[in-house]
Structures are given as structure tokens and as C-alpha cells.
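Letters are used for the chains, namely A, B, C, D, E, F, G, H, I, J, K and L, taken in the order the chains are written, and counting of residues starts over at 1 for each.
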């Protein structure tokens, strides 16, 4: 188990609702093509503003997944 | 459209409820004097503690807005 | 009052629910042994993924408390 | 002369042509309202892509100017 | 529109001519296999020296593109 | 009290005497136009040299002040 | 030769033996699917502890490879 | 002597007088409970402002001390 | 299991032999007083030089351990 | 060839014309006393402003050269 | 004047008295061999502790000087 | 002893064998021209890859030495 190799991809997810759902949306999309995702790390939190209010949150993630079978 | 110039201001908003409402509070106050805000970036997340619990969250933001008419 | 000395500890809290409750869980545990906690700062936001979804959020905090009596 | 005080503003300029003209465009706009600008520092270089090519460069600057009369 | 998910790849482009053409060369190569590229960020600027002169500039980019259809 | 909004400005103060008086000079000048300054953070310490000696210290500050009435 | 384009991937390798063999394990796995790897950069060194001892080292790498034929 | 192990604690000291006395106050308080302190590193310099003047300086320190007997 | 709270301590270990044994020495000493250590992260690698050669390596670590029973 | 040792110097070059010629000017001056320069890395991009326009660009470089014969 | 080239050296000065005199001591020593020093930047502030008190402050500086005649 | 002044040079050493011998090779070469080297700090760890394996490790060091007699 100590010899796992992970690959890390960088994603941006967004949501009009919350930081958590922006993370969820990124993972949901990524899980269509990546199996065995194990962890994520938030590296940037941004958002767009319309009419003086948050239109949607944007969260940049690093996501690690195993390359092993 | 490619020749927009943006100015960036740095704000701290706070809220006893959530990170999202701390962001909202900063933008609501800023929108009283700044028009055309376009995006924000969270650069620091802190908070105050009272009696072992979060009294309020503090989120430091950079907010970009257009200088164009 | 200007001569307070603070000590800072570093903690990781986690929660399946939200970033805010991950912070809460860290502070609740810390308050069992640390009195006079005054502020926190989020220095890392991560999480674990199971079946393509967030299993739990992990928030790394610095927490400051007074050493004064 | 050693007691100057400078204020620093953060700007984003853009141009379809070059990094240098993105800097120029930010300074030209800023000079409409700020006198006595003395130096700038590039803190971020980005750009937008359309049809696989750079549509415009975006350069984020800190610009220092004197507050003295 | 607020639910886009972006993926980010990291590239190094080079050119003997200018920083801008080093960026162009990276994007031109990437566009052979990546559709829907939207933005880039320069994260490192380097170069090789021969006979005391710049032989070519090397620019490391993060490039974001949409995963949506 | 938990819903304060702060704005942050960036200043450079200088003094031939000490780091502390460079901070003082920046705050004294800023207080002519900014009321309700609450805290500062030193983000850069530099200086100019003449004849092998410090001619003046330069301290770059972020200064936070309340936007509330 | 000055017009090479490199792509960079991020990997985590691990080994119970040494930092060097953690690097080796990451590269060995990556070489199954990536040809023309040219350089790596260590961006994080971590490890897991069991019974007060290092169970395995984990080294996060950026690996650059040519996209040219 | 080459096998010393150090532990590092993080402290904030403050003083109305100078950066140096803010450091001193942190060390004086820490020395009540920590023996064998060997070095410190300043990682943040801040302060509070009252009536447009520095009320007190705050210096965040890492302090290393030996765990050996 | 998702509600673990970790505490993180910062240590410096050293060894005349290798980076790995500097890590080992820090963990061995720490395990005398800390139970349930789970992971470490290397945050600085330094060393002392005598007669033009490495006298000993110094590795600064963050070590995480569970506060749960 | 794998046993090269490089030394790195830090330089600031400037030019009224472009970022590239600021790099060139630094290398041209350095090549008067340093042989075998191999690569450079841009670590800071600044400039001076006169009358609201760029008077000259300043680029801070790290330059690596071989110490081998 | 816009075509100056600067070289930057890194120094550590120390003093038992103050941060300012640690800077002075570094510059005084450097001025024995370097002419035309123009500016410095403090990049690290540390110190040694003896008997629970500051034995001496250590300030790491970058110092820029002109290479021109 | 508290008035030592150190100068710091930046070096890259390499070795096909290990990180430690890459450090050794840099110091061995530097000791031909620099006396009184006291400490080093690893600021970057990289390497070259040939045929999917590490060809040699490259370690970038800062090395401090006394300027005093």
C-alpha cells in the first residue's frame, strides 16, 4: 500500500449557491472521466459579481487520484 | 472590449453566519460607493472566537471593477 | 492591554457537512484543553473524496490564545 | 526628500498587442485621475484565448504615487 | 452559465523572438488537442543563454479550458 | 459589531531614523484623509543607501480602516 | 530546437525506503503512459507515520515532457 | 551535537514602544514555561492604530528550543 | 471517522548521515511525548558546513497527530 | 555531464523599450565579466513612470552559469 | 540613465542592539568591497536567544549596486 | 561574536546518485574559492530524466559564509 502513485489534476468548479457546491460541481464533472479520486485541495477561491452581488463562486481545486489498478 | 482597465480594492467583510455571508456583507457595503464590480478573490479567511466558538468569520477580498464608462 | 502575549497552535478539523462545521469541530475539540482562544486563520482547505463525492472537508487552522492570566 | 509617502493602487490593463501595451493602457487610464505616479510592479500576467489564440493580454500592476504636494 | 467546469493544464512554450511569441507557440501546439481554451496565466518566465545572449525565452503557462459540451 | 466592513489601503512611509518612524510617517500622512484607521501590517521593508549608509528606511504597509459610520 | 513545447503533469510517488526511491516510483509508473519525459521538480515532501516511525515517504513532483514528435 | 532536536512554537508579542520590545515581551513571557530557547524568526509584523497613531506593535515569532536534556 | 481533529507541531531534526535520518531523529524524539503521530511534511531543508563539507543536515517538519482518544 | 555545478547571480536590467531589451541589457553587461552563462529566470518585473508613461522597464533576473572549466 | 544595470548580493548582518544596527553592520562590512550600493531590502529577520533574552538580531538583506562606471 | 556578517551565494549541484551527493558536489566545488562556509539551505530540488529514469538530481542551495577575518 505504500507504493501508490497519484496523479493530480487542476479543476475550477462554480456554483451560484455556496463554496461547497462549487467544489461538488467540479468533482461531479470530473468523476465522469476520472475514477479513484481520493482527495482535493482548494488553491483559489474567486467569484463573479453582478449588480453588486455574488453571481457565482469559483473554486480552483487540485484533485488527486490513484493510477494503480 | 479587450481594452478594459480594472481597478482592484481590498476589503474585509464579516458575518456570524458563514463564509458566504461574510463575502456578501463586504460586497453590499462596497456597492454603496463602487459601481461596475466584476469579480472578487478571497485572499484570507480568518475569524474571532468567543467562549470557544466562532463569533464571526472574516474574509479578506480583492474586488475588481471597471474604470471604463 | 497592549502587552498581551498570544500563543498560536495549528489544528486540522474535519466535517462531512461544510467548511464552517469543520472549523467548529476543530475549535470544539481544542476548547477542551485551551482557554482564552481569541482568533483563527484558515491556512489550508482540503478534503477526502469517496465515490466521486466529498466524504469530508478538512480545514487547517492557526488558532491564537492569550497566555496572560 | 527622504520623508515621501507613497500610496499604491492595484490595476489591470489589457491589450490585444503585447504585454507592454497592456501596461501602457493601464497607466494611461490611471493618469486621468492620479497625478505623480512614480513606479509600477507587475504582479500577475494573464490573458484570454479565442479560437486557440491570444485575444488579449491582461497585466495586473501595483502603481505607486506620491501623496506629497 | 454559472455552472461551467474548467480544467487547467500546465505548458511551457518557447521562442527566440519574444515573450509573446513563446506564449503563442505554447497555445498553438496545445490547440491541436485541446478545444475550448479560455484563458492562460503566466507562472514562470525563463530562458536559455548562448554566447551571452538570449537564445530563446521560455514561458510556463497554466491554460484553462471548459469541460462542458 | 461582528458586521464591520474594512477597507485596506497600501502605503509606503519612509524615515532616515528608524523602521518605527517610517511607519509613523505613513500613518500621519494617511490620517489627513482617512478616519477610523484600525490596524496595519508591514509587507515590505526596504531602504536607500548613500555613501555606504542607510539614507532612509522605507516600509510598505497595508492599513485597514472601517467603512461603517 | 528553441521551439519545443512541454507539458507538465503533477504526480505523487511514495516509497518506504527513501526520498529518491519515492521519486523513482512516480517516474516508473508515469513512464508506462508518458514518453519523452525530460525533467522533474519536487514541490512537496511528506510522509506517513506508523508506530512513531516513517511508514513511507511521499514526494509530489512536477514532470515535464515534450509534446513534439 | 549534530543530533539535537528542536521544537518550534509560534508567539505574538506586542509593545507600544518598538518592534524590538514587542519581541522582548514575547520572549519574556515564553521563558516562564520554556527553557533552552535558542533562536527566533519574525514571520509577521503588524500593529493597532488609535487616533491615527500606532497604539502598539505586534510581532509574530517562531521560537526554537531544544528538546534534549 | 470523518470527524478527527489533528494537532500539528513543528520540529527540527538533524543527522550527519542523510535527510531521511534527520527526519527519523526528529520523529524518534517526538514519539517520547506524542502518541498517535500520523503524517509529516518537510517545510525546510538546511544544514551546517564544517571544513567545506556537510557536518549535519537539518530538516524542519510539521508533524500531525490525532487528539481523539 | 551530470556533475556540473552552477552559480547563480541576481541582476536588474532596464530599458525604455521593452521587457525583452531590459533582459538583453542585463545579460550584455553581465557577459563582460561572466563567461558560460546558461539560463536566466525573471523574478520581478517593475518600471519607472514619468508624465504618466513608462520611462523604463526594470527586470530582475537570476542568471545561472557553470563554474566548471 | 534608464539603462543602468544593478547587481544584487545577499547579506546577513547582526547586532545585539536593534534591527536598524544589524542592517548598518551588514552595509558597513559590505562597503569595504562594494562601491555604489543603492538600495536594500530586508528578506528575513531572525535572532539568537540566550537566557531567555535576545542575544543578537540577524537581518538578511538583498543589496543592489550599480555595475556601471 | 554577535557582529558577524555573512554573505550568501546561490549554487546548483547535481549528482546521478542522491540528493545528498548533489549537495556535496556543490559544496566541494564552492570550497575551492570560498573559505569559511557555515550553512546551506536547499531552495529547489529538481532533476533530469532519461529513458524514464532519473539521470541526475539537481539541488539549488543558498550557502552562507563569514566575511570576517
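Worth pointing out:
What we mean here is this: a residue touches a chain if its C-beta (ideal position, glycine included) is under 8 Å from a C-beta of that chain, and two chains touch if they have at least 3 such contacts.
Small disclaimer: the values here were computed from a predicted structure and weren't measured.
Touching subunit D and subunit J at once are the following chains: E.
Common partners of subunit D and subunit I, by the touch rule above, are absent. When the CA atoms of subunit J are superposed on those of subunit K, the rotation angle is 120 degrees to the nearest 5. With centres defined as mean CA coordinates, subunit G is found 32 Å away from subunit C.
Averaging Cα coordinates per chain places subunit F and subunit G 44 Å apart.
Centre-to-centre spacing of subunit A and subunit B amounts to 22 Å, using the average Cα coordinate of each chain.
With centres defined as mean CA coordinates, subunit J is found 38 Å away from subunit B. Residues of subunit G in contact with two or more other chains: 9-10, 18-19, 30, 48. Contacts between chains, counted with the stated touch criterion, involve the pairs A-B, A-C, A-E, A-G, B-C, B-D, B-F, C-H, C-I, D-E, D-F, D-J, E-G, E-J, F-H, F-K, G-I, G-L, H-I, H-K, I-L, J-K, J-L, K-L. Against subunit B, the residues of subunit C that register as touching in their complex are 18-20, 23-24, 27-28, 30-31, 37-42, 63. Residues 2-10, 62, 64, 67-68 of subunit K are the ones touching subunit J in the complex. Listing the residues of subunit K that touch subunit H in their complex gives 18-19, 44-49, 52-54, 57. Those residues of subunit K that touch subunit L in the shared complex are 9-16, 25-26, 29-30, 48, 55-56, 60.
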